[in-house]
Each structure stands twice: as C-alpha cells, then as structure tokens.
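Each of the next two complexes has chain A plus one other chain: chain B in the first, chain C in the second.
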Partner chain A sequence: MTNVLVCIKRVPDAAGEVTLTADAQAVDARFVGFTISAHENCAVELAVRIASQEGSGTATGGTATVLTLGTDDAVEQLRTALGLGCSAAVLIEADPAGYGPADVAREIAAVVERGAYDLVLLGNDAADTGDFQVGIRLAHALGRPVVNGASTVEVSQEEGTADTAIARVAGPDGVETYQVPMPAVVTVLEGGVEPRYPTISGRMKAKKVKIETVAPQREPSGSGRVRLLLPPAQPSAVEVLGEGPDAAKAVVDLLEKLGVAR
Partner chain B sequence: MTASDARSASPARAIPATARVVVIGAGIVGNSLVHHLAQLGWRDIVQIDKGPLPNPGGSTGHASNFIFPVDHSRELADLTLDSMRQYKELGVFTESGGYEVARTEERMEELRRRMSSARAWGVPAELVTPDHVVERVPFLDKDKILGAFWCPSVGVVDSLRAGTLFRESALALGALTVLSTVEVVGMDVEEGRIRRVRTTGGDIEAETVVIACGVWSPKLATMAGASIPLTPAVHQMISVGPIPQLAERPGEISFPIVRDMDTFCYERQHGADMEVGSYAHRAILYDADEIPSIEQSKLSPTELPFTADDFDPQLEQAFELMPDALGADGAEIRYAINGLLSLTPDGGPLLGETPEVKGLWSAAAVWIKEGPGVGRAVAEWMTHGHSEIDVHHADIARFYPHQRTRAYVRSRTSEAFNKTYGIVHPGEQWDGERGKRLAPMHAAQRAAGAEFFETVGWERPFWYRSNEALLGEYGDRVLPRENEWDSRWWSPIINAEHLAMRERAGIVDLSAFAVFDVVGPAAEQAVQGTVVAQAAVADGRVIYTPVLDAKGGFRSDLTVMRLAHDHYRVVTGGLHGMADLKWFADHAPAGAAVVDQTSAFTTIGLWGPRARDILGRLTDADISHEGFPFLSCRRIELGNIEVLASRISYVGELGWELYAPMEQGARVWDLLHEAGRPDGAVPVGIGVYGTTGRLEKGYRAYGFELDGDRTIVEAGMGRPKVKNAGFVGRDAYLAQRAAAPQAVLCTMTVDDHTSAAGGKRYMLGGEPILTRDGGTLTDGHGHHPYVTSAGSAPSLGAHVLMAYLPPDQATVGNELAVSYMEELYPVTVRSNDATPLFDPTNERIKGQNSENAEP
Partner chain C sequence: MILVFVETDATGATEVSRETVTFARTLAERSDGPLHAVIVGDRPAGVLDQLGGYGVSEIHHATGDGVAAYGGAAWAAAVQAAVSATDADVVLAPGTPRGMEVAAHLATRVDVPMAANVVGVSDGTGADGAPLRVARQVVGGSVLEEMVLPERPAVLTVAGHAVVDEPGAPATAALREFSPEIAEADLVARVVSIEAAEADLSSAALTSARVVVGAGRGAGSADGFDAAAELAELLGGALGVSRVVTSLGWRPHHEQIGQTGSRISPDVYIPCGISGAIQHWAGCASSKTIVAINTDENAPMVTKANYAVIGDMHEVVPAVNAEIKRRRG
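Take a look at the complex of A and B:
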C-alpha cells in the first residue's frame, strides 16, 4: 500500500501560439485556457495507477493525493486530477508568481513532512517556467533519493523487504532502470504512459472532495524574474503533397514515415 | 511548392482584381450561398475565407450537426425543411429520429404545444410514452421522464461535406473562385455603396459583398461602417466514449437524438461517443475582436477552452438520464469545448442588405439546420429582390439604432440563452433592456397603472389597472380565462377596455408607430410605384394600402397620408418600420427622398361613439362627418397645439389618429382625457388595438396574416380595380387575380371551449385547424391551415381565430376544429373574406350610429 503525493501546477495550455501578458510576467492564457502540463498529467496517471486497488501489477491499494501551490483558480486543476482518480487534494494557497523553485520545494516539503507520503511524484519541469529544479530541491530538503525524468514508475512490494520504487528513464542508448528505497521522489517525463481522460462519474466524485487548504510556511524569496521573452518564431515549412486523389499515396507514405500509420 | 509560412502558402494563386460579388466566409452559409448564386446565373463570384478548407475554423466546423425540424416560428421551420431537402439531395443527411423528453408536467404541456406546430407545418410527429423512448434508446432511464415528443424525421448532417459539394457545384459551372487562407483586412465604401474588399492578397473591386462570417461578422461589418448585431457566445459540448452500447452499431448514428428539454441539454450519438451539449450554463459572451486567430487557438478559433465548472451540473443531469451509457466502463470525456456560435438580440438570423451600405449584404447568425435554406433565400433575394421562403423576420434592416448597440445585443442574448430550450410563452416579455423608449405620456400612463409590454424598445401599455373597475361593470362579458397559460401576459381588463371603447370612447397611445416622409418633386412617383392603392390622390387624403414584392407577396401594409403635392407621410407598425423605411428608400426614384420622422411625432388614437363629441370640446375645426370625412387628414388646433388629425381606424370605430410633436404628446394626452371625462372615455391599451378591436373587424396584421407567402387575393383584400400606374408586384398581382386562390383567409369563432378536464381553454395563435373529427386539411400550396391570430371578441362574446383555409373549406358556416394542447375544440367559419364579424357594414366608422352607441 503506497501513499503517493503528486504535485502539479496550473499552467497555460501551450497548444496554440504562445502570447505573453502585457507586463510580460506570465503567459497569456486567454485563448487557450489553463491546464496541467503534460509531464504532470503523466505523473497523475502513474500516481493513480500505483494507488489503485486493482490493475496492472503496480496497483498497491494506496492513496493518491494531488497538491498544488497557487491561488483559488488552481482548484480547477486539482479537481481535474481528482476526476482522474486522485482521492484527496491539497492547495498551498499563494500567488505563485513570487515563488521561485526553492520556495516551492520548501512549501511542498512542509506538506510531505506532516503527511505520510511514501512517494512524491512531480513533473520533470513546469510547462510555463521550465526551471527543472523543484524535484531535486524537494528531495534534498527531505533527505530522500530522487530519480529525474522517469517515463514510468512502479512500486515493488515484496514480502519481507522494504517497498522500492522502480523508475525507468529513457536514455539515448536504451532504458535506465532505477530501483530506489522508499520514501522517494521521482520526477516524470511524458511519454511513458497514456494519461486517461476523466469519466463523468469521476468528475462527479471530484466535485464532492473537500480540498485541504494550507498556508505557506513563509514569504517567498522568489527567483528574481525580470520578464519573459518569446523565442523568435520558428519558420514553418508547408509542402503541398499534391491535389485530389493523386495525392493519396504521398499522404500514406508520409503517415507511415511519421509512424502514425502502418 | 514550399513556402516559409503556412499563411502565405495558398495565396500564391492570383487574386482577381474584380468580382461581380465577393462572399466572405466558407462556412455552411457562404458555401450554400455561392452554390445558389451560381445556380441563379451569377458569375465572377469570389469566395474568401481566412482559414483553410474544408474547415476554416468557424462554427460550422464544431457544430453538432443535428436537425430537429419543428420550431414554433414558421419562417425558421420553412428554412429548416428546405435545408433538410438540400442536405438530402447532397447525400449528407442521416435520419436518426429524435425525442424531446419531458421530466415535468409543465414540459409535457409545452410538448403538446410542439405538436401544434408540428401539425401546422406538416411535420410527422407524435407524443409518446417513456416505453416508446426506451425501446429505441435502451440506455435511457425511463423513470426520469413523463413522456416525449417523437419526431422520426430528425437527423444529422455532414455540414462540412455539404459545404465542399456546394462549392464544387459552383466551381463546375465556372462561376466561382475560392480563396482560402486569405483574410479580409478592409472594405471601401464610396457614397454609401460598397466598392472594394481589401485582403491580405490584394484588393478586389466589387459592387456586391456578402458577409457570411458567422461569429466574425460584426468585425467585418465594422470595416464598412455597417453593423451586424450579433454576439459570439459559448455553447458547451463534451464528447464521452467509447460507449459499448454505441460502439457495437456501425456508422455515425443509429440511436435517436435526445433533447432533455428540462435540463436544456441534448445527447447525440457520434460513432462510439455520446455528445452532450448544453444551453443551461451561464451566458458566456465574447466580442468578435476577442476570438483568437487560428495560430493562437488550441483547437480552432471557435473551439475555446472548456470551463468545466460551468458544465458540471449538466454532467450530473445527463448522467442521471443515461447512467448505463455515460457511466459505462471506459467511457471518458475525450473532448470538451466552449464552442462559439452566433446569437442575436431577438434570436432571428441577420439576412439582407445592410441598411447602412448599399451592396453590402449580411447572411449571418444562422444555425446548421437553416444554412442551406438561408443560402438559397439570400441568393434569390439578391437576384430577384425577394425569396421564395418569406424571411422578413430575419431582415437585418429590422433593427432600430439602439438595438444594434453592443450593450443591447449582450443584454438580450444573455437573457435569451437559457431560453434556447425554454418554455417561452407567445406573449413573454423581456426583463432586461426595458424602459429604453418612453412615450411622452409615459408618466401619466404609469399613474394609471399601465401594464407595459415592450415592442422594439417602446414601453407600450397593454392595459391599465385604473380600468379595473370596469370589470365589475361588464361581468362575464370580459370573457375571463381560468387557465394559467391562457391568461399569462393577459388580463380581462383588456376586454373591459374594449367594451368601454365600443360604448363610449378609448384613448390609445400609438407612439411606437414608425413614421417617415416621402418628399420632393418625385414624391408621388415614389409612392405610386411602391404601393398597391392609388396614390395620385388629392392632398389631405389617407390611403390604406398593401405593399408587395415583385412576386406579389406582402412586404407590408400601412397607411399613407398625402400632405402636399410633394409630401407624403407613411405610418407603419413599429415592429417592421425600419425595414419598410428601407424598402421605400430603395425604391425611391431620383427627386424623392425618404426621411425618418419616427422620433418626431407621437400618435394618439381617439375612437368610439363619443370620439367626435370629445374632440369637439378641444377644437373649433369642422370635424363633422361631412366636414372631416373618413380617410382624410388635416391639421387642426387643439387650443394652442397643432396636431395632424387623420380619420382612420384599426379598431372599427369613429375617431382619429392625432399626430403631435413628441414634446407636446403628454399635453395632448392630458387634454383628451380631460375632454373625455364627461363621456367616460378611458385609456385603452394595445391589447385592444392589436388584438380584440382588430379581430372583431377582421383587420389583417403584417407578420401574422400577411407576409411574403400571402397574396392580396388570398387575404381577401382585393379591390374591384387595379390602378393603371405601375407598382412593384403589379404583374404578379394581376396574375393572382386571374387565378383561383389556393387558400382563403377566414375568420372563425370557437363554439365550445370546454376541455376534457372540464375547464375552459382559449387558443393563443399558431394552432392547427382540422376537420371536425381531427382530419388534416391541406390548401392548394400544400400547406396546412393554422391560426394566424387568436383573441377575444368581447362585443361578440366569442373567441375569434383567423386562418388560411383550403378554398373548398372556406365557406361561412363550415364546421371545423382547432387542436389546442392536443385536444379538439369545435369552430365555425364566420367570414371568408374581409367582412368583419362586428359591424359588418362599418356604420360605426362612419359615425352614423353615435346616437345609439349601446350595442
């Protein structure tokens, strides 16, 4: 039985062209809305699988708790994760704009220390700020082992031995497998699992969960952001494969090359 | 071909420098329009869309694409049925059948009303039990519903495929150039006429431009200094699947669509998924400028981020209705959008040439179910000046300036959004945007306890609580109604005011009239060429006349006063007044100008057997029958106020319409009341003027009895002769006179109001007329008769209905039935021409019975 804490962040959905707010302090989500970043969606999926009562090997019958640091708006993302199968949620209520990675790691650590979480999952990096720091700082603060950039995470429960987390990291030359004693911290990179969509009943259950709200430990020291800058627009090439039925073969060839058709 | 930027990939094609017509937009409307224009012989059509084809990213691309053909509006039902025919011809229609289910008894009653409309428009439908529903939709929880409206002809369409086929048809004729990924960036207007469309690929000279851009239309119209008063609004939709019960059947749809009317949601199968759409959430409005570009969008510009909180209540309600399907193992919410669609302040489409810019047309705010029909109607209108299906309710010229403001559009659409599946009473009043146009005597009306109804912004008293005492005086003669629905937005005081007017006199505020002048040396030519009646009359004559389109259908009916050799004044209903003004202006020759006077004059009606005595107390003018004959007008003095008095009546009584400068209207109102006191004159509301008074007299109303589908002959309004002078519709009218009518407008009375439950029921309009035993009637057009107007006739002690009947049924004394809430009530035909049921020889208008006014 593993109790998992999965940490997410409310971020603008970067599916469309990214635009910045007028003060260049944030990404403008007016047209795209907010979401949970793709890495964290996979972390939620892994957390739900590990906590579930039954399922593919890894199910431990534990709990999956979702956590975020943000304003009341971030409840939307907590509810989404609850709808996917998390059973509890913690909101560290604060304006995330002033929080640097060290601040966030400290605040998460405080929650972990007073709870009994065997495994903390995070996204490899946040989709909006891309700091790549919170996971490792959190592990350091907690004095726990950490694996970064895992595609999958399973829990090994063998009678007579302590539970371990098995994290697989896809590298350029193959898959690296890490087995770490729990409690542990793992940051997740998207690609290893297909995150589920919510079900109607899941969403209805999520509405009924009371979200635990905690105050931050102390004022943030921040990361001293000056402003965000957009990278120069990437040139996009358009190739016309043909017109009418004659184009069909070229389209099929391309789809095969891309690996979306065989 | 390789280009550095997707947006510039396609415009490598040459952009034509000129076009006969530029159609902006390649959604269902623009595509249908180019097809129909090409069919009607148009060439050099250029169609532009800023998005790629076949789905440029507008509302068509995310539509749920299902069609329920029955609407309470005949115009929308006609457009829908025509669209279904076109979709079928294109091979993109799949019939699924559809249910509107009721969870409440109130909704069951509304579904009975739905049946009335289905019967009236000839759409097969029936009311069915929950068992009927679960037989076809086995995963629906039948304990949640009381019954349903079953319409087997409901279906789904592929609107994108239809669009492609429409374009290909026009391309095959060599009539069309399609420019996708080209954006319109400006429009040039010179001397009030559209000249040029500026695009990212260059300029196109064109005398005719159509904006068919759905949610973007307001932005485009602004480029030309015109206005298309719609707002982009969110309609939320999710798609849940895979659902095993759906997946096991092949094809896109094999289960009927369910509209869960009481929760304002629908469930529509789409392959293995169930789409759940909602009209229950808060109104979420956008501005056309706020819609993201294709590049900025996550999915498409009109598929905006889903706001889950808004949808959660619907989720539960949908789950409650279909737990086995929506709760099936593995069924996930795979797609969820805040889809943008176009809403207008009155719910109607925005069609026709804009009143601001000649040559600039609108074809916007159209649902998938009306798209092809609208394309055809607008193409015909552009070609012939009229369309086969009457679309006057959708005429973009219908709005007054205040109705085009952003604030008004947002307020009305916000209020209407949750009524999309609502139970809307025919007399229903708006809560918002009230008190915007006040008659000069408004304060006095308020003091008299006026119950105000709103028409095009005007607050019009429908009855006055100060007349409540009359109820005791008249007792059951006021024809009281016991049923809540029948008496909603109604009062027996209306009928009491009616009787008081018939016995004594009534004073009626008619400030909502639209008034415009036709002036200049060619004024006579302008009026003569536009109206049916002889307009070359002496100064001081009043004409009541139909106005026809070229195919001989009604454009309007109105009164015209000749004030001088070069000066006519047109008075018409407020509802359609702005469209009438445009019609006159469009048909005015050089040397005639049309000038709006609506805000310059108030109109007060004074009618009843005592009217002459009352007016006589205020003026020294000769107002005797000989000195001031019927259908004449002149300026008279009421003390120190000059008014234009016109001896005319829409209620069938002796009296006058008095036109006073707006700022003196309150004084005239007070003077008339003071002068009327000795005779017991009372203020009389629009309930009498618009319904009871006119129905007793068999007077027809535009928009009810009269519209583009009806003729003078069928309406029984023909005169012995047709003037020699030419006018719009003359040839068609002559042909109509020579042929046998296909339908005849008749007036009927209800013989027995007793319902099966024992209470008395009173029809409100729209109900089908059937044979005595419930058999269907069909006129020569293939239409089924329905009640065009219904109301009390207090002087006759009867409830009166008007309807166009098949000629062989249009005989006085013929016994038929009206179906109301799915029960039959016996009716008898009382008149088959314009002969009034009350005072058939019009003695009262002539003022010849004022000595024995008591009926």
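Take a look at the complex of A and C:
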C-alpha cells in the first residue's frame, strides 16, 4: 500500500494577455479561466498511477489524495483531480495571496502529519509565484528526504526490504536516478508522463466525493510581495514579408541580402 | 559580503553562473564589499583565474565524500558552511534547476525567505542590514514582482540569461578548501546513478552557429522537424527548439533555446511555430536579425521580430528550402 498526497494550486490561466488588479497585488482574473500548472498535472498523473499500480514499479496499489490551500473556488481544481482518479480531497481553506512558500509548506505539513501518507508529490514550481520552494520546505518540516524536478516516480515494494521511491531527473549530464526510502517528498517536472483526460464516469464519481475542509493552523507570515508590474510593451517594428509559401522568394532574397543564403 | 554559489562543468563556471557572478559583482560594487564564490564537488582547472576575472576575490571549495555525488541537501549544507564562515549578507545562485534547489534548501535551513528568478535589485545593497528589494519574474515571466527580503542572509536566484555575462579585469581568486561535515539525513536524497545520454549532448553547435532555425510547438509532432532541420543545413546553421518541444520529448534538451536552455546570438534566427514567450526570448534576444514564421500575426515572436512570414511552417519552410535549392541550381 502506498498512500500518496498530491498538492496542486489553482492559478489564473495566463496563456493570453495578462492584466493586473488596480492595487497591483494580483493578476486580474475576472476574464480568464483557472487551471493548475503543467508540472502539477504530471504529479496528479503519477499519483494516480502509483495508487492504481499502472506502470508504477512494484507498488501494490494504494490511495491518491489531492490537496490544495486555497479559497472555496479551488474546489473546482480538486474535483478535476478527483475526476482523473484521485479518491479523496483536502481543502485548506485560506486565501493563498497572503501565504509565502514557508507558510504553505507548514500548512501542508500539518495535514501530512495527521494522515498516513507515504509519498507527497508536488509541482516543481507553481505557475503563478514560481517560488521553487514549497516541496523542499515541506520535506524539511517533516524531516523527510526530497527529490526535485523528477520526470518519473516509481515505488518499489519488495518483501523484506523497506519501501523506496525511485525518481528519475533530467540532470546536466544525463538522466539521474534517486532512490529514497519512504516516507518521502518528490517534486515533479512536466514531460516524463502524459497526463490522462477525465472520463465521464470519472467525473460522475468525482461529484460524489466529500471534500475534507480544514482551517489553517496559523496566521501566515507573508510572501514579501510589494507589488506586481507589467514589463513595458515594446512597439513592434516587424516587416511582414508575405503570407504562406508565396513568401518564400522574399525570404530567400532577404537571406541573400543578409549574406547567409550561400 | 556577497557570496555566489557557482555551478561548474569540465570547462569552468557554467554560463548562467557567470551571469549570476556578473550580477553579484554589481551588487558588491554598490555595497563596496568583497565578492566570494562557493564551488561544491569537482573544481575545474582554471576556475581561479576565470572567476578572479569576474571580480571574485576568494573561492570556497567544498570537497569530500559527502558532496562527491550531487544531492540538494548535502550541497546546500556545504554552501551553508561557507555562509557561516564568511558571514555573507547576500547569497546568490544561478536560476538553473540545481541553483534553485540548492538556494531553496539553504533558505529553508537558515529559515529565511528566498526570491527566485530575480532580474534586478531595485533598492538596497544588502550590506547595510536594510531590507533588500528585488524584482523577479513571476507568472511564467509575463509579470514582474517587487519583493522584499528583510532577513540576513538574503537568498536569491538570478533568472537565466536575464543579465549579461561580462568579465571584469583579469585577476586570480584565492582558494579556500574545506570539507564540510554532512549529516546522515542530508545524504539520503542524492544521485545514485547517471545514464549519460547516447547522443552528443553539447549545445556548442547551436550557440556558435551564424544561422539558427528554431522550431516550436507549431512543428506539431516529433516528425515535424525535417523541413526546419533541412533549412538549417542549407544555411550551414543549427536547429534550436522551444521548451515545449523538449518537454514533450520531441527533441533533446541540448537543442533548447531560452532561460533554461542555451542563449544564442546568431546573425539570423528563424523561429518557426514558436510563440516567443519571455523565457524563450531570454535566449534569443541578442540575435542580430529575426525572421519569424508563424500562423499568428499577433504572436509575441512576430511582433518582436524584424521580419515575419504569416503562414503554416509546414508549407512555408519547404517552399523556402525549394527556393534556395532552385537558385543554387
């Protein structure tokens, strides 16, 4: 049995043009949808695989619980993860705006200590704040080992030996392997697995799951944010050479002029 | 006192580390204090002269079994020992995966905040004990955040390719070797084996090419790169890609251009099907001429380029290749 906790964060979908709120403290999310980061999507996928024993090493199955610290709106993201195969969800109900990575890690640690989670998966970095810290601070608070930026995670469970998590990381000199005893913390970098799509039956099941809501343990100490700024817009000076394949002549003329075509 | 964690490879300090040292030197000059570096594990030949030339007066070199293999906690313990020995006010690390990891472990261990992906210091030098105010990239680089680091040491990472790598006057740094004691718990998570990739991992061809043809998500699949690669070959250049392409496993990481890839400065860069996100731009901004090929006339790569063709790369690039071959006869 491996009980996995996977941590996700609701963030504005900032793929399009980004605008800020009047007080410059947040991205104006009135006109955009919400999502979680690509790293967290992969973490959810890995959690579901380990719990359901699909291509997850020698794991003998278990549970996948999804967690977020956020407002009531973040239930949307928890339900999505439930629809993908997580079987339980925890909402630490708080406005994440006032929380720095140390605050978030402390609150997650409190939940981990109450439950019996063998493995905690997080994203490598959150899509909005990009702090690159919650996993490491969490592991430190729990006194557990942490592997960062894993593309894949497998669980090895063999008779007579301690359970271990085997994580693969794309390092500067090739693919690195880490093997850590559980309980452990692993942060996931997108790319190692293809996240699944929700099924209709998965979505139906997700609707019925009762989400456990807990209050934060302490007042947050803050994120250090003074304000947000948008980088100044640069006027465009582009010269359009043409549209479609007909522009090929103009392109080659230009490349010849620049002295790189022959 | 300013201390930089420097990542090295066989040739010396890595590019983002040199950028970080350049950034740190400006901070050190403003505070009129010394600039030191800390290296963990292997020490490449020539690094004392190399970093000396960037204004580093002392290099703290951590050696020993505990740090021989990479491990975030163990390496951070080594850096922490150097921080204690030097009483550093500000600790900087490159905004690379390992730089981020070591800095986050360090900040956690000394219980201070950390600012990731810093691009500028808007207030303070760190030396006078006053809070340091930094600007850093958030929301995937599309927004800047001003953040205060009130505690000492201030720990931050510098975003890749956001600052110029610029040596100062030639000099040699002094060497201080030490072998930090690493606690058992810090040795648990470390690299146990490395499978070297079979192909040539080097990005040298990409970073030295006069012409680079780029290909992004617009390539559509792992099989969508043939025409772009052919164009690169016809122009005697190299193929580069966006991070989406490497993340999806379509092309190897050493071909990636951008903040977490290579920085290129060719005479001509031809990005095809690349939107031009800020992290990609960080790696190609110093190209002399940019000729974008994209279906979207409003893509940032198009509006920032010098020239553009609006169209499907799978039609435009083969037509360009055919035209080049036609003219060559």
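Rule of thumb we're sticking to: the second predicted complex is superposed on the first by the 220 of 262 C-alpha atoms of A that agree within 3 Å, B and C clash if a C-alpha of one lies under 4 Å from a C-alpha of the other, contacts with A are read in each partner's own complex, and residues count from 1 in each chain.
Basically, contacts are C-beta pairs under 8 Å (C-beta built on N, C-alpha and C of every residue); 3 or more make two chains touch, one makes a residue touch a chain.
Please read these numbers as outputs of a predicted model, since none were measured by experiment.
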Touched partner set for A:Val238, first chain B, second chain C, both or neither: both
Which of chain B and chain C A:Val6 touches, first, second, both or neither: neither
Residue contacts on chain A - larger count, chain B or chain C: C
First (chain B), second (chain C), both or neither touched by A:Thr177: second
Partner chain in contact with A:Gly33 - chain B first, chain C second, else both or neither: first
First (chain B), second (chain C), both or neither touched by A:Arg196: first
Partner chain in contact with A:Leu229 - chain B first, chain C second, else both or neither: second
First (chain B), second (chain C), both or neither touched by A:Ala89: neither
Which of chain B and chain C A:Ile136 touches, first, second, both or neither: second
First (chain B), second (chain C), both or neither touched by A:Met204: first
Common ground on chain A, meaning residues reached by chain C in one complex and by chain B in the other: 236-240
Of all residues in chain A, those that touch chain B in their complex: 13, 15-17, 19, 29-34, 76, 79-80, 196-201, 203-204, 207, 235-240
Complex contacts: residues of chain C adjacent to chain A: 7, 9, 70, 72-73, 97-98, 100-101, 104-105, 107-109, 113-117, 133, 135, 137-140, 142-150, 157, 185, 188-197, 201, 210-211, 235-237, 246-249, 253, 267-268, 278, 289, 291-292, 297, 302-312, 315-316, 318-320, 322-324, 327-328
Interfacial residue positions of chain B with respect to chain A in the complex: 1-6, 9, 240, 290, 292-293, 295-299, 304-309, 312, 315-316, 318-319, 326-327, 331-334
Complex interface listing, chain A residues touching chain C: 14, 18, 20, 27, 38, 100-102, 125, 127-133, 136-137, 140, 143, 145-149, 169-181, 184, 189-191, 223-231, 234, 236-252, 254-255, 258-262
